[in-house]
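Both complexes shown next keep chain A, but they swap its partner, so chain B is in the first and chain C is in the second.
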Partner chain A sequence: MLALAWRNIWRQTRRSLITVSAMAFGAAICMPMMAFMDGMFATMFDVAVTQQIGHVRVEHPSYSETNSMFDTLPNASETLKQLETLPETSAVTWRVHGAGLLGSDQKSTGAMIAGIDPVRESTFTSVDAMLESGRWLSKPNDIMLGHGLAEELNADLGSEVVIMTQASDGSIGAGTYTVTGVVRSGNAMRDKQGVWMSLSDVQELLFLEDQVHELVLLANGGRSGVDALRTSVDQTVGDDWRVRSWYEANPTMAEMLKLGQQQSSFMLVIIFFLAGFGVLNTMLMSVFERTRELGVMMALGTRPRQVVKLILLEGFLLSVLGAMAGAAMGGALDYYLCTHGLNLGYGDFEMNGVVFPNRLKGVFHPSQAISVVVSMMVISVLAAVWPAWRASRLEPVAAMRAD
Partner chain B sequence: MRFSSLSVAIVFLFALLMTTPRTAFAAEPTIKELLDATDDVNRGQSSTSTVEMQVKTKRYERTMTMQSWSRGEEDSLIRILSPAKDAGTTTLKVGDDMWNYIPKIDRTMKIPPGMMSGSWMGSHFSNDDLVKSNRLSNAFTYEKESLIDGVYTIVCTAKPDAAVVWGKVVVKVRADKVPVEVRYFDEDGDLARTMTFSDVQDFDGRTVPATMLLKPADKPEEFTRISTKTLDFDVQLNDRTFSLQALKE
Partner chain C sequence: MFSLISMAGRNLLRNARRTGITVLGISLGLALCQTVYNLNLGNYNSMLDSGIRGASGHVVIQHAQWLDDPEIEHVVNDSTAIRDQLKADNPDALVTRRVLAGGLVTSPTNAVTVAVMGVDPEPEAELSRAARNVVDGEWLKPDDKRGLMLGDTLAKRLGVGVKSRIVVMAPNPEDPSESTSLLFRVRGIFHSGVEVLDNFSVMVSVKGAQPLLIGTDPAHQIAVIYDTDAQTQQGVAKAKTMDVGEAAVLSWKEALPDLQAFIEVDTRTNEIFFMVLGFIVVLGVINTMLMSVLERVREFGVMMALGMRPKTLAGLVLLEGGLLGLASALVGTALGALFTYPLATTGLDFSEAMGETMMVDGVAMDSLMFAQYAPDRMAIYASAAIAMTVLASAWPAFRVTRMRPIQAIQHQ
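Right, the complex of A and B next:
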């Protein structure tokens, strides 16, 4: 029967080819589109959540409102040790923040100071991707500048910069640092006015011994482990501190990611509908044209169930061809998108404080490609159900008389 | 003789006519004079002083002593003498520009415009407070509100085009030009901070309030108090005193 079905679809070569190519194009558009969207959201999530907010974060209850230097978590090393032992977490880091006056030889300007743990931070951030030039923090008095700040101050790698600020005891905090790296993190504001220094240097500068402004955790098992981690952190640190998951800390981002997913699902549905109707139309036409032939088959003893099977099989074969061709084309486009990226022609552009590179790369999830192919096939077979049912209900005698 | 006695009489009369308003003038200062006196408290053609600055905030309390030199309202140099941690830290102001010298890192840094509203040395004074070149009598329209027990109350309202941070400033100043209190209101008309002058003393032949107390309205427990220890007027100062080189000395 497979041979019969195969022969049947090629009886109208042109029509079948058109249907197959319609499905193939549908799949071929869907796949890179989804890879592109995923790439965009992955970039966004990476910059805003993984690098900054963390999956779960701990801070002083009013820090996120005041951003005050004084709203710190005391006894930070003890808390860090406790959090590190939680089975739900894969990585913990701590940071201290401040603001100050940053000066190179001639110029000075305001800067946002981030004190980070160079080793811990490197599990949150792709060090190589973040560094535009130079190297990561390693020694005391190393400093990395956002690329905008480095340009503004004309500060080259290896040059000295000074920071002057108000320490937490009211005294003047000041220090001299060596520029080891220039950073392009993707966070628009930090790239323009941020500096990164080692946690201990900033604690010393601001007179904040063993105090930090945030403890940031990544969940074991990625995003799916966030809620479990949040609960467990909450129990560990107690009521004095504010514990939030990334989507509580940045509801806008959570909302956008959700919306984006809905958008791609919606697109998927539209394309599948088009493909489904293509198959429906082809099969209806083919059943209509073969009314007499089907009548003869049934008169010769073919059972309605077998007719249904035959038509469904034809639809299935069409869908397999379409899906395979689509997967091949889509895969090729995906490959290009994921390796070369898509030049959007805007230059680097900013959205929600996240800088996207001019060439935005897609992210390929095999599961997504499979879901495109499988749903395409399921839809096609479903679309063949009605023509098949109609064919099976033919009265052999009446059908044979049909023109 | 007749002529001469007549001329003497005329001259005398003229002199009388001219001096009469002058005397009245001196006894009752103009509002502008009072405002200028408030602006120029502790400030002469040139002056040098040592002061103690006590800063109390919710987070910290500290006392610094410093020496300052100033020439008119354009130039000033302020050097911290104690505590040891900050000693030698010096602020230079020339016109609207301001630099800080930090001995610990042996560097001079110009304060960029964006940070002029920031705190000066951890006090409740902003950098702008030190640099401000807008005189009350220039940037504000002013009006005497009352004169009670020899104390004038003058309401100054910012001119619409004036680049000032305050919407309204209410000055209380004694008839002998010693300021008593200045209240600063923001653009919405809410009280932002109050400066109180007290402990009036004679310094180098001038009557000056030795203590200035600045209290932010929204933080009742916080204040910055500046107490003048020594104050000398019309001292010899040259351009070099107010140069970037002098910062480091």
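Right, the complex of A and C next:
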């Protein structure tokens, strides 16, 4: 029956080819569009979650509301050691946050201070991608500035800056630091106002010995391991501290990712719905053309059910051809998009605090290709249902007399 | 000619089901494009509106370098005089001044880096999201030199309430390597729904913020906001002739280049998507028309044998395509208008995914989006649908001109 269906679709080569190319074209466009959207969401996730929130985070119960310097986690190094041994985690880091007045020899301005562990932090973010110029923190009194801040202060690499702030004991904390790097993190606010210093320097400046504001963890196995990690962190640190997964800490981001998925599916359905009309028309025509032939087949003993199967099989074969051609073209476009990226010409485009690079690269997941191919097949087989049903209802005698 | 049209119409109805499916396919595609455009138009307009009210103005006077380099020393001097002249020129419009500085706000429990925004309280009461959403205390009084407004999140972080005293530390304008401290009193707390406002900004009067600037009666922007397009056009033309020394007079189009670029690129991206949809639909139309021609080879042969010119027959096929397109354009536009209706009245709520407001290129907009009917675009897309259908009939029509009557009549 497969052979029969195959021969049938090639009886009208041109018609079949046009139908197949409509489907293939749809698939070839859907794949890069999905890759592009996934690329956008990957950038957002990277900036907002991986770099900042982490997959799972531990903090003082009121820190997220107050952001107060005093809401710290004491005895941080002990907890860090415990968390590090958890099998569910792939990386742990700790940070101290503060604010102060930052001055170069010409100017001064307010700055957000992040005290980071240079070695641990580098497993959370790509150091090379983040550094616009200079080098990563390595020595005491090193400081990195967001590129907007560096520009505002006219602070070049190697120049000295002074930080003045209120320390936790009420005294004025001050220190002199050497600019070693300029950072472009993608976080709009931090790039404009942020400085990065080593954890120990900031602890000293703010008088917060062995205290941190957040402990941030990445899950083994990426996003799918988040829930397991959260449970096990919860058990480790006890009730005094607040443990949250990234989607609890930033529900808006979680919703946005979900919305993005829905948008992709919606687009897919629209495109294949329209392509489905083509399949419907083609199959309907091909059934009408063959009324006599189908009548003869049924008169010779072919069951209506087998006729249905034959027509559905023809629709299926069309979709397989469309899927293969589409996946091949889409794959080629995907490859270009994922390696070269696409310049939209926005310049650096900022949305909800995330700065997207000028040339945005797509991200390819096999699931994109699979969902494109599967939805195309489902829709074109569905489009063949009505013609198949009509064919099965033919009366052999009347059908043979049709012209 | 008329008989040809009625013939084309009758031909289409001979296979009513096939024609119906094709019309449905085209019109759904068309309706979708129109609806998406209408939704985007509503979006773009609300974005521009927020941008104009919050960041520029229909007319804005600012330092010539402010646009590229919004540094604190890029001020416009004698801002009150300029504002008063603009007010006199535009009695119906809102005229406001803005100052944008940075500083460190300290309270007994915390220190936070903030943007210090100086505004004219009176006009800003109508313009700013913050002024319209005061949750505690009240909005600044005109010329209140010591009053300060802040967002609810920031208030919580600083542990302050209405009537609390707040110190803003900022660079000393005379000598930026030194710092200066200004004392303010909290007059009110707002919840604007915009994260940067609620969390990282304080608002004071222009008078209150001027000690952070250098110059004589300085401000960063003096903006005019009109009610209608006609007022805007007149106002821009008139303001452009004003003598404001070294400062620049910009229209909203010039003052918001990033937003304009975003809208342009977004429109272009969507049009590519529309073209893809169109192409898929066109392939379906080609198939339909081709089949309908191939079915009628004998009929065309007979007509040619009876003296019809091949050209006339090709015209007939194109006409069939045109009628098909026309029907689809009408049905599609009706559907497009129908789909747009709920989006224009109840709107589309993105607040779960975007928060209360969303920030695009520094402009805050509501995450409840409303579509806006764009009759001109809907007409353009409808005409494009007709044109594409006619174009899709070109190949089948061309095939008709190549038929030879004798073979055609003998065709099975």
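Keep in mind that, in the parts below, the second predicted complex is superposed on the first by the 388 of 403 C-alpha atoms of A that agree within 3 Å, B and C clash if a C-alpha of one lies under 4 Å from a C-alpha of the other, contacts with A are read in each partner's own complex, and residues count from 1 in each chain.
We adopt the following convention: a contact is a pair of C-beta atoms (placed from the backbone, for glycine too) under 8 Å apart; a residue touches a chain by one contact, two chains touch by 3 or more.
Everything numeric in this text was worked out from a predicted model, so none of it was measured.
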item: Combined model on chain A: chain C and chain B, fit or clash; value: clash
item: Which superposed partner A:Ser108 touches (first chain B, second chain C, both, neither); value: both
item: Which superposed partner A:Phe70 touches (first chain B, second chain C, both, neither); value: both
item: Superposed model, chain A: greater residue contact from chain B or chain C; value: C
item: First (chain B), second (chain C), both or neither touched by A:Ser168; value: first
item: Which superposed partner A:Pro366 touches (first chain B, second chain C, both, neither); value: neither
item: Touched partner set for A:Pro87, first chain B, second chain C, both or neither; value: neither
item: Which superposed partner A:Ile29 touches (first chain B, second chain C, both, neither); value: second
item: Touching partner for A:Gly278 - first (chain B), second (chain C), both, neither; value: second
item: First (chain B), second (chain C), both or neither touched by A:Arg14; value: second
item: Interface residues of chain A shared between complexes with chain B and chain C; value: 70, 101, 103, 108-110, 164, 166
item: Footprint of chain A on chain C - complex, ascending; value: 17-18, 21-22, 24-25, 28-29, 32, 71, 102-104, 106, 109-114, 156-157, 159, 169-171, 176-179, 195-196, 200, 258, 261-262, 265, 269, 273, 276-277, 279-281, 283-284, 286-288, 290-291, 350, 352-355, 358-362
item: Complex contact set, residues of chain A against chain C; value: 14-15, 18-19, 21-22, 25-26, 29, 33, 65-70, 98-101, 103-112, 152, 164-166, 189, 193, 252, 255-256, 258-259, 267, 270-271, 273-275, 277-278, 280-282, 284-285, 344-347, 349-353
item: Complex contacts: residues of chain A adjacent to chain B; value: 70, 101, 103, 108-110, 162, 164, 166, 168-172, 174-176
item: Complex contacts: residues of chain B adjacent to chain A; value: 55, 57, 59-62, 83, 85-86, 89, 100, 102, 104-105, 107, 109-112, 114-115, 118-119, 121-122
